[in-house]
Amino acid sequence: MLEAFLLLAAALLAVGLYGALSQQSVVMVMMGLELMLNAVMVAAAAVWFHTSPHSADGQLLVLAAMLAMAVEMAMGFAVTIAIFRARDVDVTDSAGDLRG
Amino acid sequence: MDSFWPALALFAVASAGVLGLYGAAALLSVGEPLVREPYMGGSPVSEHAVSRFHVRWYAVTLLFIAFDMEMVFMYPWVLVVAEKGMHAVGEMFGFLAVLVAAVVYAWREGAFRWT
Amino acid sequence: MAEWTVFVVCAVAAVAAGAAVFRVDSMARATFALLASFVFTAVPVLLLDLAYLGVLIVLMMTMEMVVMAVFMIMFMMNPAGLMPMTMVHNTKGALAISIAVFCVLAAGALLVPWPRESAPPPADPTLQLGEAIMGDDMLVMMVAGLVLFATMVSGVVLATGRGRYDRYGDDLRGRPDDPIRGGVGR
Amino acid sequence: MIDADDAVHWWGLVLAPALLAAYAYAAAAGSAARTARASGAPAAAALAAPAREAAGLLLRRRRTVPGADTLLWRVGIASVPVAAVMAVLVVPVGGRAIADLSIGVVWFNAMEVLLWGGMWLAGWGANSVWGLVGGYRYLIQGLSHELPHMFALTTAAVGAGSLRVGDIAAAQQDVWFVLVMPAAFVVYLVSALAMSFWPPFDQPVGRDLSGGAAAEPSGPDRLVLLAGRHAMLAAAAAMAVPLFLGGGAGPLLPGWAWSLLKAAAVLALLVWAGGRVPAVRMDRFAEVGWVVLLPLVLLQALAVSVFVVAGWM
């Protein structure tokens, strides 16, 4: 059963990676990152249950992934707002372009 | 250990109720659906509503996303606070005080106002 | 057997919904496909006896994805997907990398001899989590508090276009020049 | 997980949604009677008004809007009553819930938050400006009341030292939590009104938006949305009983009767207050929620935690 959960996590991570690599818009890139963190949560929960249920480390890893997701979202949106306000773009390719 | 089968069953019951209403309406209602422009108080509709929409409270969303992560820790904390004693209360409310300080800062900057 | 069925259905649905995020044109549909993916992955977590974490995923992800929808609609040029347009680069390379990563991870998942724990899981995993947060792993919460504080302050700094000095004037003595009065204060 | 637990009451699968529907109807009839009395019409005739309206909505020819995202629209509308019914999974009547989950409080919280998505989709899917603005209004209300609401729930859980709703009700043998944590109770009632966009928090379906999120839904869509709204109010009122009002505790009558009576009383209070309090605009409420309600309920939670640790509760 652990293998099945890890396969699910691997599939979610791959889908998220595809999105994060291929999308141009900052918000869509963030959605890819969220899917990858989702995969981390599933994997951490499954590994906790099957290999080390006596310690809470697996559960804490799920919480850490959730926290990372929230911070990533809040900061991602804040930076996007700041860039958008200054430059009127929300596309990663243009944000890397340093000329104003 | 919790059983979530009742939750699944209740979801089935609730969905069946909603589908039943739609089914009854399909049997009882009169005529084909009428396709009409959205109600605009009589004004002609000049564009789709589902276009870019600037919310004026975007700063609140950022604060909320950060602050609500605190609940992730507070719910399990509830189970141990009586046993761990005053030290646990101090830890949690110290943590909360830090976040409230950020809320006060945001208030002072006017982040809760529509801009 | 019933659990296995639920797992397979939810796992397939989670991956399908995750893939739909990058396939649909409508940004609203993309966001809610991502929410569906999260809800479907919460069910396998519930199957692992992690009642708290599973329900927490539904709770937190619903709120986060609705906020995500707000920003998707604000920033995307074509939020309803009414005009077909794509905003992607290097799809082939991304696809190749993703498939390669999946193959490596799947091989790892299947081939690595994972250690097995024969001890049963704790009676109440939520209690275990609470004891860890308040006991040995207190550092996690302390770090989280500081990180969240930093996130909130820097989020306000970056996101608000009009701070204190814009509202009150340079000497901070004028009346705030707000389009709409707030509920508390001046 | 697969074994049927002793704590699971399967008959509740039928009974709880039926009771919820009855309470939701009572809320609708109550507010119709209030409107009728205010306009001088006989209040008794208004008791059948919701049934007439529901029948009319079932029979009426429905309207739809060009360019509507029908899938998301339907999903959003349907999720409102479904979330309300799912929320009562953990609400005990006389000490018996369908399933008294060990994390019942979190479950209730999660189900009630599903309305954020549902209401936004109900507004978005219609491709109507008024509907969309209504959906966004619901979100900012949610962003303003949700944190105080969560801390109100947590305060009750701290008082009992458990997230199980049954334990919270049982912990009030000596003193009801409403007496120990009045601020949390008040905040809970405010958030109950706001989460079911009941007056004074009815801006998401406000008249100034010609109905807001409910402007375009017609026929069964409208029926499902409005029924879900009333069901959510009823569910929130029912949840207040185990959280703050001692659950099924009371003299003479059996526990289930007390649970139902208290839920009816809370629901009546909410419906009555909705008609008495001036409308609260969400642009004002955002700051009030964050700067007044949040610190207030946090101080309440701190006081209760200290009581619990000191052994006074």
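Think of it as A, B, C and D in the order they're written, each chain with its own count starting at 1.
As a working rule, a residue touches a chain if its C-beta (ideal position, glycine included) is under 8 Å from a C-beta of that chain, and two chains touch if they have at least 3 such contacts.
Since we're looking at a predicted model, the values are computed, not measured.
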Please state, in steps, how far chain D lies from chain A along the shortest route of touching chains. 2
Looking at C-D and A-C, which one has the bigger number of contacting C-beta pairs? A-C
Roughly how far is chain C from chain D, centre to centre by C-alpha average, rounded to an integer in Å? 25
Using mean C-alpha positions as chain centres, tell me how far chain A is from chain C in Å, no decimals. 7
If you average the CA atoms of chain B and of chain C, how many Å lie between those two points? 14
Could you pull out the residues of chain C that touch at least 2 other chains? 28, 46, 49, 51-52, 56, 60, 63-64, 67, 70-71, 75-76, 80, 82, 124, 126, 129, 131, 133, 144, 148, 151-152, 155, 159, 161, 180-182, 184-185
Please set out, as single numbers or ranges, the residues of chain D touching at least two other chains. 1-2, 67, 69, 101-103, 106-107, 124, 127, 136, 139, 146, 163, 283, 286-287, 291
Which chain B residues touch at least two other chains? 1-2, 4, 48, 50, 53, 55-56, 58, 61-69, 72-73, 75, 78-79, 81, 88, 103, 106-107, 112-114
If we use the touch criterion from the header, which chain pairs count as touching? A-B, A-C, B-C, B-D, C-D
Contact footprint of chain B on chain D as seen in their complex: 1-5, 8, 10, 12-14, 16-17, 57-67, 69, 78, 81-82, 85-86, 89, 98-99, 101-103, 105-107, 124, 126-132, 136, 139-140, 143-144, 146-147, 150, 154, 157-158, 161-163, 210-211, 215-216, 219-220, 223-224, 227, 283, 286-287, 290-291, 294-295, 298, 302, 305-306, 308-309
For chain A, which residues are in contact with chain C within the complex? 2-19, 21-28, 30-32, 34-35, 38, 41-42, 45-57, 59-60, 62-64, 66-67, 69-71, 73-75, 77-82, 84-85, 90-91, 93
Within the complex, which stretch of chain D touches chain C? 1-2, 67, 69, 71-72, 75, 101-103, 106-107, 109-110, 113-114, 116-117, 120-121, 124, 127, 136, 139, 142, 146, 163, 283-288, 291-292
Quick one: which bits of chain A touch chain B in the complex? Just the residue numbers, please. 63, 66-67, 70-71, 73-74, 77-78, 81
Residue positions on chain C within touch of chain D in the complex are 2-3, 26, 28-29, 32, 35, 46-47, 49, 51-52, 55-56, 58-59, 62-63, 65-66, 69-70, 80, 82, 124, 126, 180-185
